[in-house]
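The structures come next, written out as structure tokens.
Shared chain: subunit A. Partners: subunit B in the first complex, subunit C in the second.
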Partner chain A sequence: MNTRLHTWTWVAWLIVTLIALSATRNLFYLTLILFCLLVNYFILEASFQKGAYPLSLLRFGLMICGFSTVFNLLTSHNGATVIFSLPQAWPLIGGSYTLEAAVYGLTNGLVLFGILLVFTIFSQVLPVRRLIRLVPRVFFPVAVVTSIAVTFVPTTIRQFHQIKEAQLIRGQRLKSLGDWLPLIVPLLVGGLERALQLSEAMTSRGFASSSPAPGKQSSRLVMVSGLLLVTAGWILGSWSGKESLGLGLIFSGLLLLLGALWWMGRQIPHTNYTREVWQAGDGIVLLGSGVLVFVLLSSFAGLTILGSLYYSAYPVLQWPDFDPWIGSALLALCFPAYIMSLGKK
Partner chain B sequence: MKNRWLSPIIYLICSLVGVVSLLYPFVLPQFNATGQPGQQRSADMPLMLTLLLGLALLVLVYEVQGQAMSTKIIALLGVLVAINAALRFFDVAIPIPGGFSPIFFLIILTGYVYGARFGFLMGVMTLVVSAILTGGVGPWLPSQMFTAGWVGMSAALLRPSMRNLSLEGRSGEVWILAGFSAVWGILFGIIMNLWTWPFIAGPADQYWSQGIGMLETFQRYATYYLATSLVWDIARAAGNFLLIFGFGVPALRALRRFQRRFTFTYSQPPAPVVPENLPG
Partner chain C sequence: MISLRDVTFTYPGAARPALKSVNLEIASGCFGLVTGPSGSGKSTLLRCLNGLVPHFSGGILSGSICVAGLNPVQASPQIMSRQVGFVFQDPETQFVVDRVEDEVVFAMENLAFPPQEIQARLDNALDLAGLNALRNRRLETLSGGERQRVALAAVLALKPGLLVLDEPTSQLDPEAAEGILQTLVRLNKNLGLTILLAEHRLERVLPFVNSLIYLNTDESGLIVGEPRQVLSHIDVASPVIALAKQLAWRPLPLTVQEAKPFAASMHLPVPEPVEVEHQEQPGEIALQIADIHVSYESYPALKGVSLTVHAGEILALMGSNGAGKTTLLRSLVGLVRVNEGSIQLFGQPTQNMDPANLSELIGYLPQDPNSLLFAETVQEELLFTLHARQPHSRPMKKVRAVELESEAVAQSTQMLVQMGLADLAAAYPRDLSVGQRERVALAPIMVARPRILLLDEPTRGLDTAAKDQLAQILRTWRDEGHTIILVTHDVELVARLVDRVAILEAGSLVAAGNPAEVLSTSPVFKPQMLQLFPEAGCLTPQEIVDRLNPPG
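Entry: the complex of A and B
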């Protein structure tokens, strides 16, 4: 069974996870989300591309949570449960150190770690070519630049090593900043020479005949209007408290902007050499994500325990509420790991 | 004529939206002070900021690519971005002290030599490609892209002054560019901190909290910045300065030489003459 998930399924999973992470500060739910992300991370780790991480992700996550907890404990002296106190007269560090401040800091750290984890999984599980394919059709020149750059990075690194070896043979040693000059300049000039050859090759193969002209005036105006509507909706919803009007403007703006992009993309001819296939696994992940969004929205509408998503450690630390419906729905974030593990068996 | 004005207006609107969304920590306390729901709304602010910045970036990139893209630009941009992404790759793989990053060297020089649009795209694309290669895709990416784009775009503003002062090709040119890059080394940190500052800080007196005035928010941010980030950003500013001061002259010479070589034009070959009265 081919269990590779569709690129758009991964995008949907990413968006839903981000919604869940930004919708709650409840420690129970955050722990559940992180549990699901870690399950995904460890099951999918074998298929990850090699990256250049100086630290392991878990160690980095512990650092984020630890730093955030200690940072907030030291800087915020609010809260009722005092752990210890320093004289008020001491600048910056004087005052009460509270359990509430530590828990508040830990909550922020968990959210940041979750965001880091979900994007790490997303960018590691999808190969570069599938990420580039996500670029909307209307941005094809940008996608071409990205493809060229990604293709040329290994060549550039190889060329850097070749120049370095050649300079070492000639007795060049890297002792001061000035010694890097015979490395940097040939690298730049070599890159510019390659760019010249590439542009000539592209022109001779007819790429110049399809170079983009400035978009139609009307479509550009529609895009800018969409952007202004989203901004106005954000300001109105937050500033004047007219949240429904603000949301309406945001959605209309989004519709206008994304619709214009889609419509302009339709005008550009393109050829698909490999078409991704939707499979049953995609359906399961999308269904799980849909159910989670529905449960989160119903919580906002007051259908599940009202306010259990929102939690603050201040002013007095209390156990957060737990709604089993929300808890069960959050487990749907594990579905990609489950689907991918079916393939391994 | 309308088209001539439309582009600058679009640049201005998109940049303003970017500035407003980045400055939301200074704006948000104002309406929370008026008794509007603040605590719950502030949680979705980073997400909203990312969305707004992302949308403004989409519109701006669409506008710039329509004006500036040709085969030559695409190839040149692709290869220069590859060099910059490779430099960032070394930067991620080998931890360098402070916020030093070699990517600003080429972003500033290409923006200065090849113009604002090229500089903007160079900044934006460098961040995208290096994020794809190093797994650095995240909600912080739009603000990084926007700011790096501004770095490249603003470098082009130095050109008229250099020309008026007849500094092109002289040592004064590199001094000014190095100073400019040092300023951006600090500014980049100041702007990037805005994204995380309200998110990570607790309600202490010297950190961001709701219901306070704009002036006090500025004071708190200044305290926070001086205490946590200034040293980090000084390393970036010093690195930028040294790179441009050390390698600026030969790099500018190479970029200018290739600017002249890149001026070849493509024209349709004349239609073949078909002789009349061919047999058959």
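Entry: the complex of A and C
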């Protein structure tokens, strides 16, 4: 079984994970989501780019959670369970330090760590070319440039380490701000030199060699008309009370804009030599994601058989609820790891 | 295929032209080598062929250029990309995406080739470059030679009539370089592809080419022709040619194979054993490496390496790319943690010393000299090292500070003179040529007078003159008692410079000892003289000449 998931399956998984992460502050559910993400991370890690990040992701996650907890503890003095207090008269740091503030900060940290994990997995599991293909064709040159900028990051980090080591063994110690100059100058100059070499290589391989698309002028006119319609609709809806007319104009304007972009994209000569194939594994991941979205929306809508996603540490810290249905649905976020591990076996 | 008529080109802001009145005609199907000293305009000439000069560089160009029936100045590099494939020195800076197959199809998708044609061209290009087995791999997991093949496949996919390569093997070990050159020969012979290649190491490329273009830095201009004919007019030569010229072999042999009949007809006297009155004792032990193991995550980079190096010795560390040479150097300066075993510098264990402390004993020049250079002038680079070593812990009297500063200036000036850089003291380091930059990067290391010097690939991209200069400097330091460890793929430099050779393979030391002994048994790192006279034990042409005509 070929277990490579379709690019749009990964996009769907990414969106559903982000929805789940932003839908709740319940510590149980957040822990479950992070568990699923870590399962994905460790099972897929073998295919990740080596040395892409300067710091271990887990260590970075712990730093985020720690910082968020401490920051909220120091800045928010709400909550009933006081751990200790400092005199109110002390500027900035005076007041009560509560357990609720610490827990709330921790939940924020877990959400941030989850977002970092999900984007890390997404960017590592999809080759750059498949990411570029997600971008509408009209923005293709911008997408290529952005992808190059993204692939530049690991190289720059590697280069920074090389420079730091080279200066260190020259006897340089980083004690003051001025000591960073020997690191920054070679990094900047080296980065510029690499950028020039790459653009030279791309030019000599025919990048951006296509002639200007015909009909550029007319598509620009359509885009301007679309923008005018959107503006007119917004003005009509906001100030003259003609909301339905305004909405209609906005909708028409947006259609014109999208149409113009689509048409301009068609004029850019570009081909894809392979077409991705939908497979059973995609169906499983998409089904799991669909069920999870349904459960999350039902919970939002207040469906009685499901518990609430809502949880707040304030005003008095309490144990969060745990609904096994929601918990089971969240486990669907592990499906990509399961499908990909089938291939390894 | 190529026609240049009276081409003169000057870079923006340059005082003199990079190319002056160049006339050149290259026929289809030719495999040409472009060579010449650094700064003679090799890269500029190659870039004229696909329009990167002047479109990308700016500058003033006069004369006329015609490549495959097109004028690159009028057509632009993008249009020329269908006729001229260009492979650059560093494969890493050429890649746009992250996988082999994606990289090869990138340009074709961008030029909107039909999918079926892309598929056919992709298969063909991967086949020609010998990359079929690697087509789904991430680029970062490939070796240097494999990456250069990917760059080659990416341009071959566009089916150019002319392939231009700017020092494509300068970063590769001899085996990987040979692989790339064999691929080029196949393309030239089987497909009739015209190839133009710039390279400093003649011994690598001469066996394969049928035309030589020599660019001078002086007014004498360009010499073009059949390699034998051109080489008889210029001083630059591989060891075989240098020997052939000294012994007046005719016709001039270009390769070891061609020189073998001449060598076979010669009687090389066996040297009479010299009675040694007292054996020269090696200096004190500078470095003792005992059974060290180093791993990157679960990958073992060094597996039980033991080595002893004496003071006043030059040791060459050789091996294929990825054999662990750089890791060994990095572990000596404390940049890599040693898992097992011990390292001692002049009897002192290094395990508790940090790199900054170690730097007082060991100087280390990394592969890329640019990672060291940041100051506005060459002299400031040296002063920076000296200031980093001055005491800062307690306030100093103004008089003492002035004394220290004038000492530092004197020391740095002395070092610049010793390294032949006095004229460049006020120059901006990054504006200098590759050879000058290498020496400028070495000067701030040496100004601190470390007792041991580690050099990682110091001759990469250097021309013969710059290499000779560097070799002379290293000899002087060796004679002053410094210990030098040199990581290099340059077999001929090793043959004429070092006292001992150690060969690493797959993280283990497989041979160490006298250069003639070690290199004569190595299938990969064998200098031309040992290939030509396997029994003689001579490493350089001069040794052969001395054997034939003993001094006195």
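We take it that the second predicted complex is superposed on the first by the 206 of 345 C-alpha atoms of A that agree within 3 Å, B and C clash if a C-alpha of one lies under 4 Å from a C-alpha of the other, contacts with A are read in each partner's own complex, and residues count from 1 in each chain.
Note that in this section contacts are C-beta pairs under 8 Å (C-beta built on N, C-alpha and C of every residue); 3 or more make two chains touch, one makes a residue touch a chain.
Since the model is a prediction, treat every value here as computed from it, not as a measurement.
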Output check: A:V128 vs subunit B and subunit C. Expected answer is one of first, second, both, neither. What do you get? both
Looking only at subunit A, is it subunit B or subunit C that touches more of its residues? B
One more residue to check, A:N272. First (subunit B), second (subunit C), both or neither? second
Go through the superposed model and pick first if A:V144 touches only subunit B, second if only subunit C, both, or neither. both
Once chain A of both complexes is superposed, is A:T203 in touch with subunit B (first), subunit C (second), both, or neither? both
By the touch definition at the top of the document, which applies to A:L177: first (subunit B), second (subunit C), both, or neither? first
Does the superposition put A:I169 against subunit B (first), subunit C (second), both, or neither? second
According to the stated criteria, A:V185 is in contact with first (subunit B), second (subunit C), both, or neither; which is it? both
By the touch definition at the top of the document, which applies to A:T155: first (subunit B), second (subunit C), both, or neither? both
Partner chain in contact with A:L58 - subunit B first, subunit C second, else both or neither: neither
Indicate the residue numbers of subunit A shared between its subunit B interface and its subunit C interface, in ascending order. 128, 144, 147-148, 151, 155, 181, 185, 189, 194, 198-200, 202-203, 207-208
How about subunit B: which of its residues touch subunit A in the complex? 2-3, 6-7, 9-10, 13-14, 17, 20-21, 28, 31, 36-37, 39-41, 43-44, 46-48, 51-52, 55-56, 58-59, 61-63, 65-67, 69-72, 74-83, 85-86, 89, 92-93, 95, 106, 121, 125, 128-129, 131-139, 199-204, 206-207, 242, 246-247, 250-251, 254-255, 258, 261-262, 264, 266
Given the complex, residues on subunit A that touch subunit B span 18, 22-23, 25, 51-54, 68, 71-72, 75-78, 92, 101, 104-105, 108, 112, 115-116, 119-120, 122-124, 128, 131, 138-139, 141-142, 144-153, 155-157, 160, 177-178, 180-181, 184-185, 187-189, 191-192, 194-196, 198-200, 202-203, 207-208, 211-215, 217, 220-221, 223-224, 226-228, 230-231, 234, 238-241, 254, 257, 261, 310, 312, 314
Of all residues in subunit C, which touch subunit A in the complex? 50, 52, 55-56, 76-82, 84, 86, 88, 90, 92-99, 102, 105-115, 118-119, 122, 138, 140-141, 154-155, 158, 330, 333-335, 355-356, 358-360, 362-364, 366, 368, 370-374, 384-385, 388-389, 430, 444-445, 448
Please name which positions on subunit A make contact with subunit C in the complex. 49-50, 127-129, 132, 144, 147-148, 151, 155, 159, 162-163, 165-173, 181-183, 185-186, 189-190, 193-194, 197-210, 269-274
